[in-house]
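Next, two complexes with chain A in common: one pairs it with chain B, the other with chain C.
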Partner chain A sequence: MTLLLSIIIFGVYSAALLAIGAVGFTLQFGVTNVLNLAFGSILTACIFAEYGLTGHSTNIWIAMAVGAASGAVISLLVGHVVVGAFLRRGATGFGIAMVTIAISLMVQFGLEAIQGPYILAYAATTHATMKIGGVVLSSGQLTTIIVAVLAMVAVHLLLRTTKLGLAMRATAADVSLTRGCGVSPARTRAVAWLLSGALCGLCGVLLGLGEGSFSSSTGSDFFITLAAAAVLGGIGKPSGAMIGALLIGIMSQAAAAVISPSYKTIAAWIILIAVLVLRPQGILAEFAAERELVA
Partner chain B sequence: MSSGLIYYLSGLAILLGINLIAIWGLDLQFGLAGINNFAYVVFQAAGGYAAALFALKPAKAYGSFETYLGGFNLPFPLPLLGAALVGGLLAVPIGLIAMRRLRADYQAMAMLVLSLIATGLAQAQTGLVNGPTGLALIPQPLAGLLHVSPLGYNWIFLGLTAACCVIAWWVARGISRSPYGRLLRAVRDSESAVAALGRNPDALRMTVLIAGGALAGLSGGLLVEYVTAWGPASWLYPETFLFFTALIVGGKGNLAGGALGALLVPIGIIEVTRHLPAFGYPGLIDSLDWVVIGAFLLVFLWFRPNGLLPERKRVLRPGGAEPAGTGLRAVLAGRRAGSS
Partner chain C sequence: MSGMKHRTWRAAAPGARLALVGGLVGLALAACGTSSPSGGSPSAGGSSTLEVAAFSPFTGPNAPYGYFQYTGCVSAVRVINAAGGVLGHHLTCTIVDNRGEPADAVPAANNMLASSPHLVGIVDGDSGLMSATVPLFNQAHIPDLSAGGDVQFDTSSYPYFWRTTPGDDVAGYTLAAYVKFGTGFTRVAAVFGNDQAAQGNVPGLVSGARHLGLNIVDKEAIALDQTTYETEVQRILAAHPQVIVTESDPQTAGVLLGNLKQAGWTGPIVGTSGTLGVDYDKAAIAALGQAAYEAHFVRIIQYAQQSGAAWQTWKTALLASGKLVKNPAGDETAIYAELPYDHTMMIALAMLASRSAAPATFNPYIQKITQGSTVVHTFGQAKAALAAGKTIDYVGVTGQISFDKYHNSGGLWAAENPVTNLPVKLVSAQDIATAEGH
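Moving on, here comes the complex of A and B:
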């Protein structure tokens, strides 16, 4: 019984962490139609930036703010400036995937060069812990869950109730019609990169604090799991990403508890492949019609 | 020249040959047929493991200090043939999983994830190929039969590598120049046109995935027999992009471009910088190598996306005696000629 409870509770915690990143990833994909394979490296870069800027701050809220801000800046540089330039030059699908991979390699191994042979310890002081039916949850984990819920509500309200959200949804659906309505797709895309980067940085800082340490490859492994959540929910759909994150979070915790801890991520990745092969539009349908997912 | 330098250069030539085979294999898949195989290094890894397991004795013979499946103690050249065979066979499951009708970038991502899953499984299943530590003490070809100095053995191994390169070159050139190669280019340039002409693009892609996979397997087998050790750290997913960078820098879709890329990227950047005077901490140069590779990739994608030696433009001359063109127009011409 405790096993089941711990799978669910830590599953929810993993899901919270995944959801913050997955929503950022999927939002940017939906609006810009660029599959950003450098997302994981940007995530790592945010942890490094936060660690470097605040000198390993012990305050989790300051850490989150700095992480989100650095993520927004890096994402805008990578996505809007570099990838945008290649897009304007006429690069498509595979070319853009290659560009984001090249950026990813440069960032990841550049950080490895900075990091040196050390693993960097990273922890905010956690005070209280909470006990739910024999399962102990640290205050950092609890904060992660609360922040994730707040971020999800904020993204949802942004997309559904504001003019900016409407512009984003319109750009995702039909660029030329959007331009016809007097909305600048370029500016909307820039906002999408910013927002996605901020969520990426938030996710990175919380991941680093949760793990207690980080290295230059922290983000690239986590990114694939996060992409699994996004793809499972139907890539490009923020609400789908939240459900995907919940499923992936609980299933990977179950795999870790039932098979072995080394299968935690492998299970999520296998789900990703299965979804890509069997149902590339994700578990929530209706989406594939407008965007040419199946060539 | 000092004998140390000669020894080093002969080793470098062997690595060049091994990379050449791998890059030509990728050129068949990516340059010729346009398959975005981001799992390419897995084919090389599978060939490497196959050669290792075919060549090793059962684990008990070494006091069971490593655990693995099999250990068949086969004589040269069977491990190398097995490596090519396994590399080719691996194309079937990978092709069936990842070569669905997905958008190009989705397909690339599916391949990338397959590569990560393969690494994860090789590390998690310690009984398979000795987990994260990897295999060691892999016997070299004809080990124990030849009584030569290490340098002499290097020359023999270089000869073996050169022979494999010739085979790879012959296979790749044969495919590229054949009507089948023209069909593959046509699949790359316009899949729907090929389908409309009654050919099956999926089957065509699968066959070239197998052919390229066999070359990757052969290169992996040679590499493992040369360095005598093989573990998950040797084939992490960035290695795939080493080969892609080589093709994009050298020029995809032609053998000379692949060769130039092999000389410039895996040898020019990775191998030669190993012998720079050491600075910083150990491993710093390795990290910086990869930053340079990423930068190379970006710079070439921006300024010279077709590489230093671009693929020759193939144009059909309407009045020409021979069907000089390749690609879609040649297929069309061939069909027209066949029907009249």
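Moving on, here comes the complex of A and C:
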């Protein structure tokens, strides 16, 4: 029973971290049509920024605020300024993806060049804990889950009930139509980069605080699973990313508990392949005409 | 194809001919200037600087091990050059970053061998890369003095491969011996990362546990760099171990140890030599707090001296290396820095003893300098003894070296405080032999 509870509780915790990042990643792709492969490195940069700006603070609330703000700024710079410059010159699809890979490598190795190959660690803290049927959950983990839920609700409400959300969904569906309706696609995309970056930074600092230490490759390592969650749910669909994250989080923990911890990562990819074989568009995405990256 | 004219040599523009000839001449000169390490090695009496390569990861998660290699090498080179060098040559220590992955290590090795005409030796220590790179070094006839633990090399047939640290399987037996004779506990949980280096300890631990009557109640091969190991921790604790034996990379360890603490584990944790390093300490302290880390964690590692002429010389050279090394004060007792120090010394002494800087000539002397009649502990002592016509037995910082027919030499082991690196308890050769079933 304890093991089953552990699978569920820590599956949800893993999913919470994945969901925040995956929603940010897929939301940005959905609106801007840009496959941002620098997302993981931006996530790392946000952890570094928070660590440096707050003096290694382990206060989760301060960390989240600084992380989200850092992520928003960095993401806007990357997306609107750098990637935007290439877009205005007519770069498309594969070219833009390569630009984001270049940005990712520059950020990662730039951080390593500044910091060195060593990890950075937070001071040890003793969290308050709560016991749920034999499973011990820390206050930090519980906060992460709650923050993830609130963030997902906020994103959902933004997209469904606000004009901005409507503009984002419209831009994602048909750019020329939104122009005709008086909505500025450029401004909408800028907001998407900001929001995506904020979620990226939030995910990053929660990941860094949760693990207690980080390095210049932390975000890149995490990005692969995060992207898998986004693809699983249907790329461009924030609600799909939430479901994808939950599925991967729980199934990874289940694989570790039932089979072997070595199968944790493999389980995530088996799920992804299995779902895509049955539904190539992902769990929630509508099956539409092939979507061209950065048309 | 109509309309295309194929120009002959005679018809080609003079400028093009000149460029072609110039290019060929340049290539020929370059070929003459670049000699292969095996065929065109530096000879005694020349004035070129000889190169010892620290072939290790200097970027990526295993970068701390690379800097250990460089620290030891640089410190040894300082001592050697201060004593006049070797056969009229000064030595230098160069960094060759293999990034810790075979896919990167092989090109890095090939590039190093092709572009280093004065390369006389290699010091390395990454278990996971040895099977890919040791054959290359041997093919190039460059002595490779290794601290890597790949068990395949317990019975090595490579004449240019030398190792002064036991294979990971012996490390595993030592873990079992410490648990049995050092703690008295019998119920063991083995929690190792699923990478090759960490898993190399497991067969020896399992076999040793069987010989010693220990019960491995849980064995986990954990995926690296996960956000949580709570489920794995539940599996471990459900087996009711008395002691946990572990190795993983620093970030994995930080999460694992934090999750163990959160779940209420207050028992002893025994780490392997793979847990040595500033990064592992940082991550573990972040997870447990320094007091708890020092109280509950010991590291089983090859023991090196902390006094005597060899250690004093090493310490002096280390502290004098200043900006060249990352953590001089902290590395005084770091075995992974002391090993390459002795390895570099041995390369230099083998050259002196053979009176040749040609690797193919001095390679057999790497063993001979540990078998002579005059015990020496420093480069200065050795140089004086050789100059007086004596044979030497170099006993350096890491103690007596005794190569078997496979070019392997074991050593002393100890359970050390993870922060101070000072021994808490020695693990005797007898206990290790009992674990091995002898």
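Quick note on the criterion: the second predicted complex is superposed on the first by the 259 of 295 C-alpha atoms of A that agree within 3 Å, B and C clash if a C-alpha of one lies under 4 Å from a C-alpha of the other, contacts with A are read in each partner's own complex, and residues count from 1 in each chain.
FYI, a residue touches a chain if its C-beta (ideal position, glycine included) is under 8 Å from a C-beta of that chain, and two chains touch if they have at least 3 such contacts.
Computed from a predicted model, the values in this text were never measured in an experiment.
> Regarding the shared-chain residue A:R189, is it in contact with chain B (first), chain C (second), both, or neither?
A:R189 sits against neither chain B nor chain C.
> Once the structures are superposed on A, label A:T265 by its partner contacts, choosing first (chain B), second (chain C), both or neither.
A:T265 contacts both chain B and chain C.
> Under the stated touch criterion, which partner chain does A:Q253 make contact with: chain B (first), chain C (second), both, or neither?
second
> One more residue to check, A:S215. First (chain B), second (chain C), both or neither?
The second partner, chain C, only.
> Would you sort A:H80 into first (chain B), second (chain C), both or neither based on which partner it touches?
In the superposition, A:H80 contacts neither chain B nor chain C.
> Applying the touch criterion given at the start, work out whether A:V135 contacts chain B, chain C, both or neither, answering first, second, both or neither.
second
> Is A:S6 touching anything from chain B or chain C once the two structures are fitted on A? First, second, both or neither.
So A:S6 only meets chain C here.
> Just to be sure I read the superposition right, which of the two partners does A:L17 touch: chain B = first, chain C = second, or both, or neither?
second
> Going by the contact rule set out at the top, does A:Y122 touch chain B (first), chain C (second), both, or neither?
second
> Using the superposition on chain A as set up above, list the residues of chain A that contact both chain B and chain C.
Touching chain B in the first complex and chain C in the second, residues 112, 116-117, 221, 260, 262-263, 265 of chain A appear in both lists.
> Of all residues in chain A, which touch chain B in the complex?
35, 37, 82, 85-86, 89, 91-99, 101-106, 108-110, 112-113, 116-117, 221, 224, 227, 260, 262-263, 265-266, 269-270, 272-273, 276-277, 280, 292-295
> Could you please specify the touching residues of chain B with respect to chain A in the complex?
Chain B residues touching chain A: 36, 97-98, 100-106, 108-110, 112-114, 116-117, 120-121, 123-124, 238, 241, 244, 248, 280-284, 287-291, 293-295, 297-298, 301-302, 305.
> Which residues of chain C touch chain A in their complex?
Result: residues 58-61, 63-64, 194, 220-223, 225-232, 234-235, 238, 250-251, 254-255, 258, 262-264, 278-279, 282-283, 285-290 of chain C touch chain A.
> For the complex, give me every residue of chain A touching chain C.
Residues 2-3, 6-7, 9-10, 13-14, 17, 112, 116-124, 126-127, 129, 135-136, 138, 141, 207, 210-215, 217-218, 221-222, 253, 256-257, 260-265.
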